[in-house]
Every structure is written in C-alpha cells, then in structure tokens.
Amino acid sequence: MDQTQVVQDSSGIIAIYGVEQASQYGYLALHAIQHRGQDGVGLAVSDGKNVKIQKGLGLVNENMSGPILEQMTGYIAVGQVRMATDGDSALENVQPTVVRAHQGSFAIATTGMITDAVSLREELEDDGLIFQGTGDGELIAHLIQWTDGKFVDKIRQACKMGTGACNFVIATKDHLYVYRDRYGVHSISMGKLKDGYVFSSETSSFTILQAEYIRDVKPGELIVLDENGVRSIQLDDTKKQATCAMEYVYFARPDSIINGVNVHQVRKLCGYYLAKQEDVDADFVIGTPDSASSAAASFARNLGKPYEIGLIKNRYIGSTFIHPTQEQREQGMRVRLNAISSVVRGKKILLVDDSVVYGLTARRVSQLLHEAGAKEVHLRIASPIIKYPCFYGYEKTEQKRLAGFNYTEEEMRQYFNVDTLRFMSLEDFKKCIPETSCLACFNGVYPSQLADYERKVEE
Amino acid sequence: MDQTQVVQDSSGIIAIYGVEQASQYGYLALHAIQHRGQDGVGLAVSDGKNVKIQKGLGLVNENMSGPILEQMTGYIAVGQVRMATDGDSALENVQPTVVRAHQGSFAIATTGMITDAVSLREELEDDGLIFQGTGDGELIAHLIQWTDGKFVDKIRQACKMGTGACNFVIATKDHLYVYRDRYGVHSISMGKLKDGYVFSSETSSFTILQAEYIRDVKPGELIVLDENGVRSIQLDDTKKQATCAMEYVYFARPDSIINGVNVHQVRKLCGYYLAKQEDVDADFVIGTPDSASSAAASFARNLGKPYEIGLIKNRYIGSTFIHPTQEQREQGMRVRLNAISSVVRGKKILLVDDSVVYGLTARRVSQLLHEAGAKEVHLRIASPIIKYPCFYGYEKTEQKRLAGFNYTEEEMRQYFNVDTLRFMSLEDFKKCIPETSCLACFNGVYPSQLADYERKVEE
Amino acid sequence: MDQTQVVQDSSGIIAIYGVEQASQYGYLALHAIQHRGQDGVGLAVSDGKNVKIQKGLGLVNENMSGPILEQMTGYIAVGQVRMATDGDSALENVQPTVVRAHQGSFAIATTGMITDAVSLREELEDDGLIFQGTGDGELIAHLIQWTDGKFVDKIRQACKMGTGACNFVIATKDHLYVYRDRYGVHSISMGKLKDGYVFSSETSSFTILQAEYIRDVKPGELIVLDENGVRSIQLDDTKKQATCAMEYVYFARPDSIINGVNVHQVRKLCGYYLAKQEDVDADFVIGTPDSASSAAASFARNLGKPYEIGLIKNRYIGSTFIHPTQEQREQGMRVRLNAISSVVRGKKILLVDDSVVYGLTARRVSQLLHEAGAKEVHLRIASPIIKYPCFYGYEKTEQKRLAGFNYTEEEMRQYFNVDTLRFMSLEDFKKCIPETSCLACFNGVYPSQLADYERKVEE
Amino acid sequence: MDQTQVVQDSSGIIAIYGVEQASQYGYLALHAIQHRGQDGVGLAVSDGKNVKIQKGLGLVNENMSGPILEQMTGYIAVGQVRMATDGDSALENVQPTVVRAHQGSFAIATTGMITDAVSLREELEDDGLIFQGTGDGELIAHLIQWTDGKFVDKIRQACKMGTGACNFVIATKDHLYVYRDRYGVHSISMGKLKDGYVFSSETSSFTILQAEYIRDVKPGELIVLDENGVRSIQLDDTKKQATCAMEYVYFARPDSIINGVNVHQVRKLCGYYLAKQEDVDADFVIGTPDSASSAAASFARNLGKPYEIGLIKNRYIGSTFIHPTQEQREQGMRVRLNAISSVVRGKKILLVDDSVVYGLTARRVSQLLHEAGAKEVHLRIASPIIKYPCFYGYEKTEQKRLAGFNYTEEEMRQYFNVDTLRFMSLEDFKKCIPETSCLACFNGVYPSQLADYERKVEE
C-alpha cells in the first residue's frame, strides 16, 4: 500500500520524563515515529516552572533546529507528529495544545479519536467555551479545565466524558501524565531512558534512544510521573482490549513491538497463511514497496517461489514535488514507483500488497506492471477485505470510498485489472495477530460506542 | 525617540467590508500601519461561509504572499499588526484569534488593553475555561462565547465585563463588527472603499487604498456591517473621551489624522511652544530621526535658527541584524544612527527629541554627538515628563524604569550628559492637542478604572 | 529622487587587512554602504593560506549569518554590495569573483566601469578565454591572469589595458591590493582599524567600525598591504582628477566624506545657491525624502521660508513587497510615499528634489501633492540638468530616456505638471563641489576615453 | 552499502532536445537520477536565442519550483545532479557551467573525470586562463573556447587534450551536443521523447518521462542535434570499452539498463554465484538496505534459505538532520538503520552487502546485529575486493582508506567483527557482467592513462 495514496489521519505521540535535555531526546523519539505523520510536529517541555512550546507544519527535521532545542530546557517533554486530513492542515491543529492558566499551565498531545467529540464540543460551545482548532487535544484540555478537583481527578472525569479511543500525554510544569485509551486501540509503550522514562506510540523510539522497553501502558491506565516516582492508576473499568490490527498490516515500522508482538513477525505469518491458499503457479512473487515486503518475502518462501524485486521506489520524493504539466501530474505514480521491465516482461507475477483501502494503489501498480510487459498479474492481499470505516483516528477512511464496501471481489479484480485477486480470510488473519486486536474495519465490530458516528456505518 | 529602544506593546488593527478581494486590501491596509507593530501579523477573511486565517511572526510582507492572498477569498477581512513585549513573541499571541464553533465561527483582533484582564481570566479559568495565549483577543472571544443572546448582545455584555481601553474588530462568516473603547483611548477610523468600507487604527491605511475618510468611530460605539448595510449602536454610556496624547507625540505617522487632528500639525505646534521658552543661543537645531523631525523643524523655524540634519539613520536594519562580536554589540546604536561630524563638530546644538521614556535613546544620542565633536548639547523634549505608566496597551512602560519617575530633571540632565535639558510644560502641551486627550502618563489621571493595576501606580 | 525609480548600476566595495575576524568587520563595513546596492552581496576572506567566499542575492543581512561569518576565518577581507541592472541579477555577477589557480588564488571586487570592456572581452574571447558572467571583476581577473610578471606587475598591465573608471580590491592568500581608477571618478578611502586597515567606497563604513579616517586612495594609486606593511605605488600617470559629482547630489550618505568634502555640506550649499535665484513667494518648502532633505532644509532657511515635512516615506518596503491587483500596482508610489493633506492643502509649495534622471519621480510626487490639495507646486532641482549618460558604473542611464536630453525645460515643466521648474545652473553647482569633480552627465565632458561607448553620446 | 558512509564524487547528467517545455522534462529526468548526487543540481535551457541557467545546493525539488521552470522556456536543456566531495560543496562547482561569449554562449555539464585535469589546468593557468571552480565542466569549457574552428572541431580537439573518462552534454543557443568518453566508462543513453530526444546517465530518466529507450551513446561518439536532425560523429578511435562495473554493484537504480544489461539482473546473478560457494548453514539471509536487496534475495533463493528483513531504514533522514548531543552523534547509524531484535535474536545470520569500500558500514551493521542479539553474523559481499582507487569520477576513494587495500581478509573479518567473511571471486563476478566492463578497482587495470594520478596507485 503506497502511503501517499491514503489520506488517513494518523499520528503518533511521545513523552519523556526525568532526563536533562528532554527536548533533544524528544526530538529523536519523534523522528523515529515520523512515518506516522509528516504534516505537522510539535514538542513542549517543562523545566519545573514553565511550559515551552515549539511547533510547525512539516517534518520533525524542518521544525526543530539545534538552537531551538537548546533553548527548550527542561526534564519533561511531550510531542506529536501529525498527518493531516484534507483541508485541516492549519497550524492550530498541530499539537501539543498548551493551556495557560493561573492554576498551572499544561501541554497535551493526543493520538486516536474521541467518537463523541462533535457532541461534546457542541455541548461545551453551548456552555460558552471556545475552540480555536478542531483537534481532540483541545477538547480534552477543555474537559480537564472544566472539571473540578485535583489534576488526576480532572483527568479521570475528562476520560469518563469522552468515548472512542484516544491516548494522550500531558506535561504540567512538574508532572507527566500518560494515558492509554480504555480499549487499548492505540498502542503506547514505556521504556527506561537513563535515569528517566520515555513513552512512545511505537517502540522504534526506544531503539533510536537506546532506551530499554519496559512494558506497554495498559488499556485504561494512567501513569503519573513526578518527583515521588512513577504511579499507575487504573482509570477505567477493564474493557476487552482491542488493539488496532492495521498497525501490523501497514502503519507500524517492522521493527516495532505492538501489543507485545513484533510487527515483522506478524507480516511473515500473514505471508505464510496467504501461501497456504495459493493455487496459481506464477514465475515469482513481488511485493509493493515498502510495507508489503515482509509479507511478500514470507509468501514467496512458503510457496517455494522466487521473491523478486520488480518495483523500485524513488526515495527522493518530498512534499514539495511538483508536476509541471497536467500530463505529468497524471503520471504521478510513475515518479514514485517504477517497474523493472527486464524482470517482469512476459512473466506471470504474484503481486502482494498489504491491504486495499480505496484501491488506487492496486490499480496503478497493476497498470505499471502491465505497461512493463507482465503477462499475468495475480494480486494477493496480506489482510482481509476492509469494509468498514475506522473512527479511531482514521476518520477519512470514508466507507463510501472503500473498495471493499463498494465492490464485490470480482468487481475489484476487474477494477484493478488483474488476472486473479485473493484477500486473506479473516479466519486466517486472526491466527496471525493477538486475540486482543480490533478488527472493526474488517468485521464492523467496534470496541467502543460510535457515538456521533453511529449512523455512518452501513452493512 | 528611537523606536527600537522602547519595548512597549503597541499594535494596530484594520477591517474591510464589502469589497471583493478583501484580503488584498487588508494586506495593504496593514502595511500602512506596519510601524505600529513589526513582531507579528495576522489576517482573517470571511466569504459568507467560512472564516480563513493566515498569521505569522514578523512583517506583513514576510507573511503574506500573492498566492496566499489569492486563496483567501472573501469580502470581509480583519487583521492586526503586533509589537511583542519581551518573552511573549509566541505565535499564539498573534491575532486575529479565530473561534471555531457550531453556532458560527468568528475572528477577532484587538488593540489596547483590558485593565481587569488578569482578574477576568482567573475567574474564567476557575470556571473551567482554557486560554492558549495571553492576549486580550482570546479573552474577549471567551466573554462573547460565554454570554447569551444574539451576537450583538453578547458583544455588549462582553464589553460591560471588561474595563480599560480596548478596540476590536470581529468578522463572522457574514458580519463585521467594529468597536471602539468607551473612553476612545485608541483611535479607529472609518473610510469608504469602493462600494464597501475600511476601518483602521490610523488613517494612513486609507491613503494607501485611496479610500475616503468618513469619520472616527465614536467612543463606546459598535458599528455592525452586513447585507442590510451599516448600523451604529452606542454600546456604552457616554464617557469623557480621552484619546492617547502619545499618538501625536510618537506613535502615529505624521500623515495620519487622530481625533480629527493631523499628527504633523500637532508636532509643529509643540515645536512652536517649545521655542517660546527657549533661551539658549545655539548654532542650530537638530532632531532625533524620524519621529522628532516635525517638532524639531518647527522649533527651529520659530526660533529663527537653522534646522540641521546632523543624525543619519541607516534604513537597512532588519530584525535579523547580527552583531558578530560583543564589542560590536555594544556599538548597536552606531549601526542604526550616525552623527555627521562635519556638521556637529565644535557646535552648540539644540537637540530635539519627541519624548523620554526610559532615557536610553537620549543618553546614546548625546554620546554620539559628543563623540562627533559637539561643543554643547542642549536637549529639548517636545512633550512633558512621563511619570506614570500606561495601562492601555503599553504595559511595558514600567513605572520603575521611567526616567521621569526615577529622576529629577537635573538628575536626568546629568544622566543624559547634556548641557541643559528642558521638557515641554504640561500647560503648553495641552494647547497643542485636543481637549479630549488622555494625559495619564503625564499627570496620572487615568480615564478608566485601573482594576488589576490599581496598586501599580506610585506618585 | 526616489531611489527605487532609478535603475542605475551602482555598487560599493570594502576591504579589510590585518585584523582578526576580518569577515565580521567586513560584514559591518558592507552594511554601512548597503544603500549603494541591495541586489547582491559577496565577501571573501583570506587566512594566509586559502581564500573563502560567501555570496548571494539580496541584502547583507540576508546572506551573512553569524555561523557563516565565524567559519570565514582570516585577516584579509574584500567585499561588494551590488545594484543589478535589468536582467542581470544572476548570481554569476555578484562579486567578489574568485580565481582558483595553481599560482595562487585571489578574489576581486570592483566598482565602476571599464569603458572598453566590451572590446576587451571580445578580444579575450577570440583568444580563447571564457567568461561566465558579465561583470568587470571577471574581466580584470582575466587581464591579471593573462599578463606576466609579479602580481603587482600583472595588476599594472591589467590597469593599462582597461580604460574608463573602475576601482578594485583584491585579496590573495596573504596580500591585499586596493586600486583607485586613474581619474578618481569613484571614491575609495582608507581608515585605521585597530592594528589593521579598512578601505571603503564611503567613509560611513569607518563610522560603523569606529575606524579612523586616514586619507582617500589617490587616483591611479595602488596600495599593497602584506606582512611587511603598507606600500603605495602610483600605477598611472597623474590624470586630472574627476570625482563623480552625483555622489554629493544623490548617491552617498550625508555623513560620508567624498573627495575630502562632507556630502551634507555640499547639499546645504546647493540649497543656498538655489535660494539665491528664487523668485516665487511660496508658503513653504518641502523636500523629496530622503536624499533631498539636506538641500531642501538649507534652501528654506536661506529663503526665510518654513521647511515643512509634507511627504512621508514608508520604512517597511522590502524587496518582496507585492501589489496584489493591477490597480494596486499602478498605485506603487502611494505605497512608498504619502503626502500629508493637512499640510499641503491649498498651499503654494516649493518642492525640492535632488536631481532629475528620467523624471518619473518628479512626475509622481507632483501628482501626489496635487491629489492632496496643493494649490501650486514649484519644483526646484538642487543640481543641473542631466543631459548625458554616465559610463562609469551607471550604464543604464540611457541617454534616450533622460528627461533633460529629451525635453526642454518647459516641456519638462509640463510633463511634471508643476507651475514652475528651475534647475540649478552648472555655474552655481560648480561653486558647491570640489574643482576636481566629474561633471560629464551635465556637460558631456568625460574624463576618460569612452571607447566602446563613443558613439552612444549625442549632443 | 550505506550511501551516506561513502564520500565518492558521483554525479549524473541529462539532456533534452526538441520538445517544448524542455526545462520541465529536464526537471523530471534529473529527479529520476537524484540518487547519483544530492548535493547540488543545475539545469540550463536554450530557446534558440539565449541560454538560461538555474542552479543551487541540495536536491532537485529544493531548487526548481514551478514558476522557475515556467520562466525557463526553451526546447533544449542540459542538467546535472552532483554529489560533492568534502570541502568543495561550493556553488561554483555545481554544473552546468555557462560560458558567455560574443561568438555564442553555451552550457556544459559533465560526469566522470579527466585524469590529466590537474596538468591541463596548470598549463592553461600558466597560459593566463582563469578558473573559478574546480570542476571538469569548466575545464572542458576552457578547452573548447581555447581551440579554433567550428564548434564540433573545437569539441573534437578538447576531447583529444583530455584523457580519463568524462561524458558531457553541451547546449548552445540552438544545438545540443552529447559526448560519451572513448572508453565508455560512464554510461549515457538516448531515448525518444515525443518529437524530440532525451539523454541520461541512467535509463530511469526515460521511465519517468515515458520515453522510449533507443540505444546507448557509443564510446567516443559525439551526437549533434539541431534543426537538421541528429548526426553521429565518432570522435575518437575505437578503444576497448570498459564500462564501470560498480554501476551494477551499487550506483545505478535496479530498474536501469547499463551497457544493455539490466542492473537488477546482474545483482541476481551475483547472488547466484555467491550462493554456489556458500558452506555456512545459517538460519536465514538478510541484506543491507537498499542496494544489497537484489543480490541478497537471489542469494537466499539459490541457497534455499529464508530471505529475512532484519534491518529497517528510516526514510525521513534529510540533509538537515541534527544530532543534538555528542552521545547522539555517535549513534548516527542508529538513526538511519535499525535491526529487528525479534528477527535476529539468537540467530545465525548470513548478511549480504553489495561491496566494501572503507568498511565503515560493514562494521556498524555487524554491531547493530550483535546488539540486537544475533548469535552469528556471516558477511558475504556480492562483489570482489576493492583494492584500487577509482580515478573516473570517484576520486575520493583514497587507496589508503580502502579496507581491501589495507587489510587481509582475515583482518577485515576481525575489524568487522563477523564470524566469517567471504567476497565474491573476480572470476565469478566476471560471469555476471558484460565483458566490456571496467574492473580497475578490483584488478588495477585502468582502461585509460592515469596521467596525473599515475603515482597514486600502489600494489
């Protein structure tokens, strides 16, 4: 699946506690989850007295220079990388959101989505509160400020008011709070960093910092870090954990550990089960780079077929790439991906992609292979058919545009212009992932209440 | 008075209604009041449906490009140029502040200051509201959203809750609201622009747009513009008008009309009265560029003395100017201002400056003239002694740092290292300006309640 | 005369020898002559071993950051600020030009113009040499490399081959060479800077560095600085000195000393002689900012008329200023300059400008004053009529476009739409400036051979 | 082989003839060979009258915007992407070099190296020519301008004067010249692009433009394109062709065709021959991303071992990436490359890299794998030992720093800290590549005279 074709609203968060130069570790931790969001980045630090913030549109590298990080002294940091949905690329929506208040300032960064956010917002707006952006960070900030009691109690109440699946990290002047949604849809892990701690949406942040993985934050758990050490508070009743299965399929880096299981290993298992069903005798297997590589290599091995590298990705596409003419714009895909004619010409190919969302990538890769002379293209998808929209951070997967909702498999095969098409069965897929996984986009069983989105799902 | 030595929190606002490409007219209108604030700029436009915003740190030119303005379609615009006080140069404080709400979004830009802002904020924060910055725009936005009724009523109530002196412009999707504070401390004028209207803190915006000056907005007046035309609502009881006298002395451009009176004309009159008191027989008169030029030229003429150009200003100092070495940093003034030796060497000079705030400029200009060989320097100030702080938008004029508060005239003379020093008397100054002027910084008589600042004033 | 209306190819050069951090002093020295060229800047330094270069389009500030200057270690520096002519704003033409050669590298920066450059280039090109830009720095570099002997001899021969009027500074790895053209058309002065020396096109560079003015480099003199000290070599036979008179009229900063005479003093004298001829009884005098201020103030004083400030300049126009609409583009002048209605309305005005080149500024200022309500505008020019083009660095003053060449005085009066028009007579002007001044643009008497431009001058 | 660890001076050139908007096609063609050089880019176009140039430091995307390309009208284009060697990242060395001459301007871009460049330069400098940079483009420009006759004859003579291996493209106002060095060390191919032609160092440029591959330019061939069509001139006597074998090993994109042979196919063959020699029974095979993937996958397949993805590359490393602390700087590798612990822990690994230059990458990858828990690491190199420096465009491969020159295989094994180490034998490698390949870096047999570098090679 080619990331640039998908407009999901992904993001990732990190937090650091208890190390000097927290901003600099935060910077690297964000860099290691850059693949979760390239449209905006923010980092806030606390030094026991004040909360400072730096944010901007674009990549981590583009917004954090050495001098800026140096000025951001402090031992607590929270940050976010953000992938924008259409039309909301505004700076207002880049987190952390900082609340300035006489009771104490704080910075909050979130990942995931509150499914009753629209109603909650309207309610709060009716009560006279103002929103300057459209993000959930601002909403939770409101809920916290709005409620009474100690800060922990305020967080508790805020979490009760919102449903859906939203993780957050909050830095006050001298505390760090890390919360994972009660269903555990989104991952957040805890690591030991020197004398302090690091938290991140993906364990790839730990590797870059040579931090030691401790454990995942538990669903519904709030971890509080201050001078007195680390406290764990189970904020919500235990729910059935439902961690996003698409992390394994596409979102996470292969070297990350999600829900205790390595992503690459899951992808390999998917390749294994996919191979068990195979009946086409092709010349070789190729995978759509980069996210389908693990599954494709495993598929090939289990099939006893050669694994070929038939598609080449251009590494130098930046966000500023221009397509001078209309004709060239239409060739967009060609700028990013090339098929190697000498490899594919005249061949029967088993093409593996990780998933099908709107189907644009599958259609174009098939076209590239055919133009390069492929004799047959047999598309295999290393995950089940996505039929339902996601409301936990990927709102833009509009159900109406989902290929798997709109079309039968045969219709998809024709649309993609491939000789055969096979998805992994949901049964097989379940064998590859932890039992505690969310399969909502495949089977429509959502772990939380859909609240504002209830009516948006069709069978 | 050299602007760069002063850290007052000045700013200016503009509004456009009823012309296509309102963003482009707003851009030029802001440019014409750029001297009121160079640290940040924002512009919001409405097209009848949505409110769009563009803002950034730095100059108008640096933040508004042609393509950006083109995308900001709409017939209503509100904007601000901002001069930051130390340590709050954050983007969060650049206005307009945009409120996104299901009842309707709006953008607000303010100039001036609410003197009970701190108490109001704390009260609202205690009630559970969040503030993301420290500006009055966000406070008024809160007050408006917080209150009930029609939008006009909400504005009315918000205005009642805050005291001090704060003008604002608000754009909703299809209305423009323009309010001037009840004491009229800050100016805001109304002009005819094609089939629509333009409002600005200074009439220099009208000149650049070839708009026709109609009148000043009245103290306490709210002007509402929509499809049905222009309505005037007198929101507050009539107060004694008290328009800032320092506008004439220093802030405004000479070609602007404040309170019905041309700024340059006032400065000339100051020069006239100053001359009447003169008893030193100097070789010639020079003025500190640029704001003292009008007064100095008039002073010279009335004195029958030559008006000389003895100080030259470097026009190419940008905000990025670097002082490579410590030694050079200490020469900062020399980079900006040069004395012409051949003019001043061996001469008795009457030096005119417009005002003395902290006294840094007077001290340095005196030093420059002495280094260039001046025999005598007699400093004349074309306004009275500033003894009291301002709480209407210039908070940073800390009373403790005011030369006129700390020192006697003789002490100032010694500190400035000049042969004689004379300020304009308050009596003479009053003859130069409209009766309806605020003289608080000279005489400590504040038009409004000082509220949170009550205890900050010493005699 | 409004600088932005003129497209002459002005420039300025500086050189530093014998101080550590020469790049940082060079930076400030260039900054102090920024008014001589805003389109490009370059600085080269030598540390006894290597020659390093930094250059770019735009202002000094925009191209030289602290870290860059720090890396440019060395005790010799040469630099240039450049004003581009139409269509040659290429980076290739920004100097210094650096020659990399096994015999030793060197960097050269020039100001002025070689009038046989075109023939010389063609000759060299025919002999097989390549030119990468169109500047005289590259030409002289060629001539030096092309000739034989010691470096000083090579410079001597190069100077013999070119005619016209071109100053240059050359830094080798351990020498600095400073040459002034044999006619002394362009000024270059020498100052003492700590234990070393500074050279600059204008003495304003000395003021900023607190360097002590020593003397002007003499026409035809080559100054060589190395470990052994300072040597002066008179390269050319003594010619009749002819230093550009327009430096006094317009180009130089008022605080600079050109040819031993302070610029501001000359302008005052011009005002005096202009006043002697005056017969119009106006209400007051105003000057076109900024370059006509000195003359206008002096004119007013000698006339016994008030000196008024009736035109205000906007200080915040950068090179990036945009004119969103066509209509606004046509108002370009209005963005830069405003007339104060309350001052000029109904008045008889004596307007002083420093010079008339193409006449665009005079025409527009007259229009501004009329639009602001002036009753009569009497234009006085504080220099004689410019009838002849300049070939010493201002090539773009095409004779065909010169108002003084195309029109009679009466025609100009009508074109400018003023009530009366008077230029200073050449006789009076001569009384204001040193005898050793070039008056070619007024009387067509060129000090040097015109060479390639011989046929371009019409009577 | 991790590209960032190597400091070779690679580059690539393209040319377009006979299509409108040649600049826009040139832009895309350059983009497709971006991997050959990321430090500078230049593009020159001709429209039958003038030659325009745009160049800058950094990536294609960063220097060519839509508006710039639009202004560069013309039907001929030549361009280069450049990888700088240490200390010469200056803009002066970015090509094309443009020569401005009265006989006609031209732009030249080169790839490869002239081995007698130093002597030639010195000779020309002694004859009085100046060089502003250190690139071969400027040298050839000199040689062309320096010689007599028609342009084609001048090129012919220039080519005779220089030896080594340097391709170039030259655009005059209405001609395009494309030359490939007489030994064919560097590749340059010709394609049909609409009604015109495209030339590029790699055929990946054709794919992006949907141009049709015609043929390779022949060693010693000069192709001339003008109004009259395409002419081929064999400039040099036929030499034994010797096309760089490292193109197949590392430089080229897998989808490119070099010397008629697809790069990916060669890499697969290398994997096959490498497998034939294997005697270690490892758990699986992994390749160093990205350039070793093809060989590693083929190696695994032929060995009947699983191909694993055990190393993950971070895609978001830009040239501006900062390493905040010293400690983090030392972790540089970790930022770019991660090992997947769950894959490698406790495993016996066959690690495949494409080549060993200085050995830094091999050493670090080995360290990463060991830190991630690998039990055994057996390193296999899919090419022979590099013992000799390259003088055809990779000067920086200093022989003294070559691991294969300094160490025996056993010493390398220890230095890399791997259990076993095996390089491909030269005999096997020869079976994988065309006979007409240059093997100089493996066997010290250089196709051309080494000229200035003769004494730099040791056995």
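Letters are used for the chains, namely A, B, C and D, taken in the order the chains are written, and counting of residues starts over at 1 for each.
Rule of thumb we're sticking to: a contact is a pair of C-beta atoms (placed from the backbone, for glycine too) under 8 Å apart; a residue touches a chain by one contact, two chains touch by 3 or more.
The structure displayed is predicted, hence computed values, not measured ones.
Where chain A touches chain B, over half of the residue numbers in use are shared by the two copies, so each contributes mostly the same positions.
Spacing of chain A relative to chain B, judged by their CA centroids, is 48 angstrom. Per-chain Cα centroids separate chain B from chain D by 60 Å.
Chain B and chain C have Cα centroids separated by 36 Å. In chain B, no residue touches two or more other chains.
Interchain contacts (touch definition given at top) occur between A-B, A-D, B-C, C-D. Interface residues of chain A facing chain B in the complex, by the touch rule stated above, are 53, 90-92, 97-103, 121-122, 125-126, 128-134, 138, 141-142, 145-147. Every residue of chain D that touches chain A in the complex is listed here, in rising order: 21, 24, 27-28, 31-32, 34-35, 38, 59-62, 64-66, 69-70, 204, 207-208, 210, 253-255, 257, 262, 264-265, 290, 293-294, 297, 300-301, 306-309, 312, 314-316, 318, 320-322, 324-325, 328, 331, 334-335, 338-343.
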